[in-house]
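For reference, the structure discussed in these notes is given below.
Each chain carries a letter (A, B, C and D) given by its place in the written order, and its residues are counted from 1.
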Amino acid sequence: MLIVMEMNADAKRIGAVVEAVERRGLKAHPIPGSQRTAIGITGNIGTVEPAMFQDLPGVLEVIRVSHPYKLVSREFHQESSVFDVAGVRIGGPELVVMAGPCSVESYEQTLGIALKVKASGAHMLRGGAFKPRSSPYSFQGLGRQGLEILARVRQETGMPVITEALDIDVLDEVAEFTDIVQIGARNMQNFTLLKRAGRCGRPVLLKRGMSATITELLLAAEYILDAGNAEVILCERGIRTFADHTRNTLDVAAFPAVKRISHLPIIADPSHAAGYRNKVLPLSLAALAAGADGLLVEVHERPDEALSDGGQSLLPTDFEELMSELRALAPVLDRGLPTLAVT
Amino acid sequence: MLIVMEMNADAKRIGAVVEAVERRGLKAHPIPGSQRTAIGITGNIGTVEPAMFQDLPGVLEVIRVSHPYKLVSREFHQESSVFDVAGVRIGGPELVVMAGPCSVESYEQTLGIALKVKASGAHMLRGGAFKPRSSPYSFQGLGRQGLEILARVRQETGMPVITEALDIDVLDEVAEFTDIVQIGARNMQNFTLLKRAGRCGRPVLLKRGMSATITELLLAAEYILDAGNAEVILCERGIRTFADHTRNTLDVAAFPAVKRISHLPIIADPSHAAGYRNKVLPLSLAALAAGADGLLVEVHERPDEALSDGGQSLLPTDFEELMSELRALAPVLDRGLPTLAVT
Amino acid sequence: MLIVMEMNADAKRIGAVVEAVERRGLKAHPIPGSQRTAIGITGNIGTVEPAMFQDLPGVLEVIRVSHPYKLVSREFHQESSVFDVAGVRIGGPELVVMAGPCSVESYEQTLGIALKVKASGAHMLRGGAFKPRSSPYSFQGLGRQGLEILARVRQETGMPVITEALDIDVLDEVAEFTDIVQIGARNMQNFTLLKRAGRCGRPVLLKRGMSATITELLLAAEYILDAGNAEVILCERGIRTFADHTRNTLDVAAFPAVKRISHLPIIADPSHAAGYRNKVLPLSLAALAAGADGLLVEVHERPDEALSDGGQSLLPTDFEELMSELRALAPVLDRGLPTLAVT
Amino acid sequence: MLIVMEMNADAKRIGAVVEAVERRGLKAHPIPGSQRTAIGITGNIGTVEPAMFQDLPGVLEVIRVSHPYKLVSREFHQESSVFDVAGVRIGGPELVVMAGPCSVESYEQTLGIALKVKASGAHMLRGGAFKPRSSPYSFQGLGRQGLEILARVRQETGMPVITEALDIDVLDEVAEFTDIVQIGARNMQNFTLLKRAGRCGRPVLLKRGMSATITELLLAAEYILDAGNAEVILCERGIRTFADHTRNTLDVAAFPAVKRISHLPIIADPSHAAGYRNKVLPLSLAALAAGADGLLVEVHERPDEALSDGGQSLLPTDFEELMSELRALAPVLDRGLPTLAVT
């Protein structure tokens, strides 16, 4: 932590701040400059809050220097983490594609889409059984029945499955049925859910909140790792900005930023970022080019009849095209595609 | 819903869109303009998604017209709602002030602050037993013990209490001990929690999410009302923007905006918006001047030793000053202050 | 400036950074901490850029500490600046109100509004002769003719006038006709215009850009002061955020934030922030309660026929009500209203 | 335009709105729905403002439907525009790369960088002679001397040149020396400059403002086209958001969004978006993958000594790597690279 003094702070005020620092068992390092003095603080910084000093006379501002995350940090774990999820490696050189409907609507719908996306080369099946919806009057998902449909389709297609746990009351149930437990953007700071997800026995896909900084995303992941679960996959799904030509603004710089700071894998959800089908393909390619480890994409056979998010769902033919572009792009990025374990 | 056609969309394309609308049992109303045609849709709009039409040939864009909330709307309930919480009326002409520490740290600390804010004129006591913290390594609150402290201080001071329920696992416990259940900004779209809060038997204070629109805030409240609980108090606590001189940007226009659309009361949390003690007083007055029904303010006797949010906590003397300014301001705004039922 | 080293940076890397600092004639102050080392830099910091060090091996980040503005800073000029504009004092205890039409449309329209706002107590007349419009097909203002109308109305009513200079080609002309030269939000970083405004011989009202930080606003003002003009009045007019219930989000914390850092006056433009007439009154009161030194408000007798911004213009009766509320509010804020010099 | 009535608006209120519409010579089309009535308006909409109707009794909101731009629109000009700039085609299948220093600092520096980026395959040379700087105390560019250096390097290397015109006072001078006149992000709504740029006789590169919507960007371009200059190249350079891991957030969805609405070319400036050298390469690839027509990149031989923006400037070796990745990527995107006319 660094305390910056006002220009006209005299020796007495500087001394009083130094004393306040030392009273807390920390060490103060005054750095007199040409215009003003700064005071570095060292010691057990974890217990120190800027508030402790910011109102002392002569203090201009207090700047936090150390970063509050540990387990997710590349400083603590230099090599990139790679997780094996039912035979699919995530975070390695392979680009992983998870595709499927926004909501599980029926067995036939889910199986139909699963077969098509598998044929086009998807590695995992996505589909929501519990849906977070802004309005209480929108379709809320099939719940338990949706999980059973996913399990059945998983068995018939051999595709590993990812689905969302909306809260702690369904977390265990979801974990039982799925290969990856998804925590949605609106729940990124549902700390109770994060802690429990740390003990759910499944890899967790954690979506970045709509207005979360990278630091907050990593701290949310830290909750899960701290609770004992090392297998966390991050997901950038667009942030909320003033821009109105997409539902959210896909922050492609998040990929290199996370890679630099953390060892965790990070994939992209271009569907929720776009909000419109016609932008899903370009956003997918952009995310991969920027360094994403894979994609989470919505596909629907009859988007105009989808019970949720139809407008952003790719048609199977669109998805086929996306996979074909992805296969061409991968080698340029020095990346491959997973060889599916199951056939 | 309104479908706007491209300028060069011919009669055939317009006809095809009309047909697509009518196939869904809705009625299409083409409005030929000088440059382009728009098509109004009427009927049971609730089941219609823009996605159903936006990719038809010749469609430029699809605009939602009706609003998705009902129970919270002033169109359905014209008079402003006023709730009586343990003798304190919220939403009426009185300006209600809830004050206390960010976190309940001990019985002595809580009682000490409670007595001081009561002496200055606060009507309710706030204090967190369960704390949502960005980092797993920050103080997470005293939990159950914190609730018991609040109950004891409630009894000794006669002040009604408001405290946060972090998730469904503690909701009933919190509801048992408190007069108002608070749902935090990070949980505004924790839909499971919202539904349960609708059956918790207590008034609920719902904070606006950091990046939530007014529509989303009202829809979140709609979840609670729809589940059977009409007593929802909204709270503006600042939104996330690029501005860096406060922790969040207090959106004072939210007060008149909510009042116009909804009958629910809305108060301000200037402490979390400001992030710095020295901005809490001006933000408090601004919120009230813009139409807020009250304040939720953090006060601490030794902010530099607070276990959370010390930097934004008012000292008791600051709070005394705030209440004095508020008393002067209230009549200018044609508002009064509650007469405390308990002494 | 402060260089934060990575946790695993060894003595050699730290030494190399120290050397790089000293090679530039600066002084390096290593501060070894429990987890990592930070290096404070002192000396003639003005010429130093973070880029000079951020890519050296072992450097985690480089943090700027000193503030780049001088003349506008309260550190250099402790007392609040008060300017006398044609007898109206701005920045002192008086709340100043500048009101009038968005655009000068005709002599009759301008005189009509001027007489009404003067009767209600406005101290200055606002009105645009040159209009910045998003679309080239919107009304662009009467130009020179508009300035002449303002001058005539100024003479007949005795009200000092404020109007915008869109660029350097009309700056001298505008300065000749007006009492205060306005620089609009879109021009806040039109540095050529700022420099010339520093030599225009008139007080300047500088609006905050839609996405400008307080630091950027103050630096823009610094351009004007640095060019020789000390009379700069700042204006908060709303920032661009995701919120969609107003045109922009009025950042009321800007008032105390600017007052703390700078000695310059700052007023509010609630009309452009609101975008809707029905939010102008609450935003006005909120701005004043937060510490604004005055208001810049749009008023029109027939807003539905206004050539620009009709939707946010107050009717004369609305303005009358605003002034009446302002008169009631002023004493609560320990502020008065200017006694008009001219009658 | 569409007027949405309140649910409880009766026939009389609807009739009054219809009448108000017709009084203005427009046609009103009431669309009675199950919950409320909407009223479509047709006719010469250009002169109509929502404000004209939004305060009539019973009106809930007024929604603009038509788009205000024309000449830039793909509806008016279906084929993508391709411009030939000194032998380099922009907007066609070729990916164009403009590279060079942020600021022209000396003849040697500029020539050195130009030769290196040319050797790596850059097609045009960028370099600022007039620099927009937040602080008046930062290096403001060499001005006229910088233009002469660019001209000399242009002649010696055969590379076409792009440089910024800060305002109308230097526009003609800049236009005389450069192949493309750049208008910076801070000037996107400097309407005087836009109009003059429409008559400057050179292609114009128009950067998106930091908080501009796509509609506003296109309207700014419309000013230039409307003034007679069809050769406008747009440039996405990052928008201002809350995200703090880059200087700005590169909005890659802007590329497909602009391509869909407009026929104008659009390139990316990854350097200003990133703010940090280590993110320029991933952002470059992401922009191209999303559909950008080229790049504008900062390169410096000694970034730690650059007079501006050193931290985001690529080293020549980084740029070499970027060009090599770009050459590999281009065929995947069905794009090529320009064959340089000059050698």
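Annotations for the structure displayed:
Note that contacts are C-beta pairs under 8 Å (C-beta built on N, C-alpha and C of every residue); 3 or more make two chains touch, one makes a residue touch a chain.
Source: prediction; values computed, not measured.
The chains that touch chain B as well as chain D are A, C.
By number of C-beta pairs in contact, A-D leads over the other of A-C and A-D. Note: centroid distance chain A to chain B, computed from Cα atoms, is 26 Å.
With centres taken as mean Cα positions, chain C sits 38 Å from chain A.
Here the spacing of chain A and chain D, counted between their Cα centres, is 30 Å. The multi-chain contact residues of chain B, meaning those touching 2 or more other chains, are 211, 240-242. Touching chain B in their complex are the following residues of chain A: 46, 49-55, 68-69, 132-137, 140, 166-169, 186-187, 189-193, 195, 209-211, 215-216, 219-220, 222-223, 226-227, 240, 276-278, 303-306, 309-313.
Listing the residues of chain B that touch chain C in their complex gives 211, 213-214, 239, 241-246, 249-257, 260, 273-274, 278-279, 282-283, 285-291, 325, 328-329, 332-333.
Of all residues in chain A, only 2, 4, 6-8, 29, 31-36, 38, 40, 42-45, 63, 65-66, 75, 240-242 touch chain C in the complex they form.
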